[in-house]
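Take a look at the structures listed below.
In the two complexes that follow, subunit A is the common piece, with subunit B as its partner first and subunit C second.
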Partner chain A sequence: MARTTTTRRGLLSGLANGLMTLPAAAVYTGLTVVPVGYAVYYSFTQYNGIPSQAPTWVGWENYARIIADPIGDLRPAAWVTLVIAVVGAFLVNGAALGIAMLLRRTTAFNTFARAVMFYPHVLSALIVGFLWQAILGPQGALNNLLEHAGRSTLPFLADPDWALVTLVGVIVWAQFGVQLVLYLAGLQAVSPELQEAARLDGANGPQVFRHVTWPALAPTVTVTIVTSILSLLKVYDVVLGLTNGGPGDATQTWAYEILAVSFANNKVGLACAQAVLLVVVAGILSFTIIALRRRAEEGAEAVG
Partner chain B sequence: MSTTFLRRARGAVVLGMTPVLVLAACGSEGGSGDAADDGSVRMLVNITDNLTQAKWEELVKPFEDESGIDVKIEGPSGQSVAESFPSLLAAGTAPDVIESIVPGPDTAPEVLDLTGYDWASGTPMADLYSTDGTINVVGVGMQAQSLMYYNADLFAEAGITEPPTTWDELDDALAALAAKDVATPIAFASDWATGVQVQEIWHPQQNVTTPGWQQSVADGSSTLGDQFQPVFEHVADWIEAGYTTADDVATDSGTQEANFIAGDVGIYPMGSWFSTTLAASPPDFEVGVFAPPVDDDADAPGPMGATLAFPYMVWKGTANPDGATALVEYLTTDEAAIAAQAEMDSFSREGLEPSSNEYAGMVQELSDAAPSYVVPGNQTVGDYALPVAGFNPKFTELVQGLWQGRSPADVASDLTAWYEAEKLG
Partner chain C sequence: MTRTTPIRTALRVGLVAVLSIAMLVPMYIMVVNAFKPQQEILLSPLGFDLATLTTDHIAAAWQNTSFPVVEGYAVTLFLVLACNAVAIGASVPAAYTIARTPTPLFRFLLFFFVAGMFVPAQIILVPAIFVLKALGLMGTLAGLVLFMSSTMIPFTLFIFSGYIRMLPRSLDEAASIDGAGRQRILWTIVFPLMRPIVATAFILNALSAWNDFVSPQLILGPGSQFRTITTGVYAAVSTYTTNYEIVFPTLLLAVVPILLIFVIMQRHIMGGLSAGAVKG
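So, the complex of A and B:
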């Protein structure tokens, strides 16, 4: 009798839990799963996005087109995106961790400095692009200063290689604020006792960082790397404001190709195929990083 | 921050953000809402410094008073009308009247056929914008594209007595300007402007060499690369000579216009709309305008590249077709409405009173002297439309390669390859 009552209670509890998750599940399904499903479906069609003109099923044609890249515009975009994701993630995390180490102690100045460092992230990415264009353009503030100082101007946005480096720099400037906050939170969780014990054992600053702080930060590092790479893979607004993909196609990213080229020409099917591939790449990268970081996180648990 | 929390956060990131990447790019299927049926007419218009919301409302006010139809003026929800209209179609909330764009291959089936309206065939450029006699866009006049604004004071200082009419004379003029240390003998600008400017300076000779060149490309008797390689060679020579630099194609058109007005530029290729800017900020030097050159002096002036001014089309799904077409008829045939639009953004039209804008007057003279009008390559409707979408953005992207050291032959070859991969049908 007691077992039956327990079982019934368990069932009711499970049912209640299930019912309570229904609203969230419905919202997630309606706002995420259904649109993603449509995107996957459209990726197998030729469709211009106009409801009165029905999509035509074309199978893998859009994907074959992306792989064949007959006009050679997608591979450069993939390369630019890769550079931004890899170099950008490295720089974003390096800058964020370095500054977090400097600002880890809570003082009035550090609180102010944290707000200042986070501020670029508050700005719209489009505005960030226009702002830096005004500073780094051929007739921007910096080149005007150089000219008045009798120096030759620099092609920050006029030369393809310079433009890509400039774009990465601006993106890093705009994005590292979020990673900084995560690193600051992660550093607060590092045991002061362990750090103190290491110092008492004779470890110097770099050694304490190497053997105590860094291992304890492992879970934070995983989160910041994954979030920064996902964010950098879909960079679009800054590109639009800063270079509009130019000069030529030197700074066209994959997301720019999707939104400013494919969608702009009403190629919704092709755009969705490009987006699906981006999601697949983002997923593979995320899970690979998480798998690679697992060992480091286990070390962190040992330290913690 | 605990390890458990970070793990959950990581899971949320992977589960949550990844699909959002798709969401950002591919929205769900749009609704199918019907247009408002309250007797009003919604008109989507281009909003610029010249074409303000207030001016648009003032323009339609006499129509509202006369017809009793309420006209609701709407600016683009996206970057432009061209971007907004397909989005609004997808959302099922398309406006009744659309201004500033012409139909493309995708949007043409969504636009009302105006051929049956007597007034439509009498509107300017109706012949150049019709497909097999079918009219689905009408306008109020012609905006000249093939124009070279020049600083007459700099020309005089460089000893150039007459504006050039042939390509050789233009090369000589640029060399003379450079010899006088003019900062920028000929100015190009970034983004859309690079492609438009290179096409503008080539319209006359291109249409002398191959009249109706778009049809030659479409039927395979010519290629897009062959059509443009000669102008690429001219531009590459100018880049090599330093008349225009890579900074040009990283400088927006607004800044280049300011550079011209400041007296730093010898020649600035741009459409007739630049005359309105000049009138608003008159330079303290004399400005002249000449038609882009041709190879042989006997062919000068060549055909004038031109586009439809204030193009209007009506959405086929409108709940108020009578009101929408009446509004378009008013805007394109009423003399007061046409004059008001000419004040908003200058254009040429037969019988239109000469503008008080002296720069527009010079443009009008060149337009009157042109032997014919020809539509540009980014034309998306009519018998002279290239069967391809996205011509100008791709042309701009490729042509900017000239400033990065790419050869004219390579750029021309890529243009042909793009056309072959993208052509419709």
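So, the complex of A and C:
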């Protein structure tokens, strides 16, 4: 008797627990998990997205096409995305850490400067792209200034190589503020006594940084590298505003390929295969970095 | 800390000042040129002549039918509030249950939700469109809100469950002995204590909803009667990128409110971000 009531109570509370998680689970499953499932399924089909025509199963064909790249349109996008993710992550983190060291003390001037470094993040990436296009375009503000100063104009967005460099620069300008905030939070946690002790032992500024501050920052560095790479891998809006992928396909990123090339041309199967690959690459990269950083973080505990 | 010489301080302040100016120059160019005719924008991008400053182009941008400014703001603000209501409203009870039920099933459920943080929203948008079509929600604000909320739930739920786990269980137990039901404990005792983490989630979700371009553009469709700020700017500017009489005033109208909000809420926004990252 007592036993049945407990089971019944257990069942009831289990049901109540289920009901509490139901709304979140339903929205998340319906519009994130199911679409991921669909993406995986469509990635093995040829499908133009028209409801009256069913997808036809083609096996690994879409993936084979991405890897073999017969008409040479996907490798440039993979290359552009790789450059943005790797070079961008280095520059974003370098700028953020360097400026965080300059602004680590909380003074009125530094608080103002932190806000100034951060504000591009509250603007939408599309608007940032359009704004810099108006500044760096062939007719843009900077080239007009150069012309009036009697110098030759610079092909910031007109030359393929320049355009990629410019794109990375604009992304760094817009994004390092986020990582700056994270580094500032990380620096607050570095023990001031330890730094002072190192100084008293005769260490100079760079030595204190290398042997005390940097190891203690290790967990922050992991977070900033992973979050910046994850966001750099899916760069799209800023490209649309700044270059629209051009000149030619010089600044077409992987996300641009998915949305503005494959999907826009009704190649839903191919678009989904590209999306699945991007998620897989992002996952592998994140876990690799987290695993590689574990050693550095263990060092942080020893120092902290 | 104590051994900073005046020269080094001056160098540091100088460097920071130069960097700050470099960060602000694009804003200056945008503001100044929004009030100038095309001819002058091309002749002197940085200067301005008080005699020829004009608000004509701002007025034209305000009346541009591609980017209905007031409606654009209304729709975007609606998205910010509605997505937050759905994402936070759904995540609070789920996170509470997950945090207070330490069984393998609920641990797996947390993992199931957290996995969503690694799925970029704009990447699953293509298949999500087919789900929305099947539900009859394609092209509607409701469909857009549901999609954007679903991309916010993983992170929101993750930081909520971490936070609830730090709240002492004895609170729940005391209230339970006093006869309060689960819903009552959650909403009258636990939820008020969650205020800091709810504020963090609200700010981060609000920024991502405010600045989202791809989801409204693809789900509402370019021909939709609803324009957000970003899709409106795209419609107004993308084909006229060298007509600076259109570009600068339109961008100015699009960024002034969010910059004002940022200036007022600066400490909360930046604080919320670092709080979210520490929890995440």
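A few comments on the model shown:
One rule holds in what follows: the second predicted complex is superposed on the first by the 272 of 304 C-alpha atoms of A that agree within 3 Å, B and C clash if a C-alpha of one lies under 4 Å from a C-alpha of the other, contacts with A are read in each partner's own complex, and residues count from 1 in each chain.
Everything below uses one rule, namely that a residue touches a chain if its C-beta (ideal position, glycine included) is under 8 Å from a C-beta of that chain, and two chains touch if they have at least 3 such contacts.
Since this is a predicted model, take the numbers as computed values, not measurements.
Residue contacts after overlaying the shared chain place A:12 against neither subunit B nor subunit C. Contact with both subunit B and subunit C is seen for A:263 once the two complexes are overlaid on the shared chain.
Legend: residue contacts after superposition of the two complexes on their common chain; A:290 is shown touching subunit B, with no touch to subunit C.
When the shared chain is aligned, subunit B and subunit C each come close enough to touch A:185. By the touch criterion defined above, A:39 lies against subunit B and subunit C together after alignment on the C-alpha atoms of chain A. Within the superposed three-chain model, A:275 lies in touch with subunit B and with subunit C [touch as defined at top].
By the document's definition of touching, both partners, subunit B and subunit C, reach A:51. By the touch criterion defined above, A:135 lies against subunit C but remains apart from subunit B after alignment on the C-alpha atoms of chain A.
Of the two partner chains placed by superposition, A:67 touches none, neither subunit B nor subunit C. Comparing which residues of subunit A touch subunit B with which touch subunit C, the overlap comprises 31-36, 38-39, 42, 49, 51, 137, 139, 182, 185, 223, 227, 230, 233-234, 244, 255, 258-259, 263, 268, 271-272, 275, 278-279, 282-283, 286. Taken in their complex, subunit C has these residues touching subunit A: 1, 3, 12-13, 15-16, 19-20, 23-24, 26-27, 29-30, 33, 41-46, 86, 89-91, 93-98, 101, 106, 109, 113, 116, 118-120, 122-128, 130-133, 135, 146-147, 149-151, 153-154, 157, 182, 207, 210-214, 218, 229-230, 233-234, 237-238, 241-242, 244, 247-248, 251, 254-255, 258-259, 261-263, 266, 269-270, 273-274, 277-278, 280. Only residues 31-36, 38-39, 42, 48-53, 70-72, 137-139, 153, 155, 157-160, 163, 182, 185-186, 188-189, 219-220, 222-223, 226-227, 230, 233-234, 243-250, 252, 255, 258-259, 261, 263-266, 268, 271-272, 274-276, 278-279, 282-283, 286-287, 290, 297, 300-301, 304 of subunit A touch subunit B when the two sit together in their complex.
In the complex of the two chains, the subunit B residues touching subunit A come out as 1-3, 6-7, 9-10, 13-14, 16-30, 32, 83, 86-87, 89-90, 92, 104, 106-107, 109-110, 190-191, 245-251, 255, 259, 317, 389-390, 393, 397-398, 400-401, 403-404, 406, 414, 417-418, 421-422. Listed in rising order, the residues of subunit A touching subunit C in the complex are 16-17, 20-21, 23-25, 27-28, 30-39, 42, 49, 51, 99, 102-103, 109-110, 112-127, 130-135, 137, 139-142, 144-145, 148, 173, 178, 181-182, 184-185, 192, 195-196, 199, 223, 227, 230, 233-234, 236-237, 240, 244, 255, 258-259, 263, 268, 271-272, 275, 278-279, 282-283, 286.
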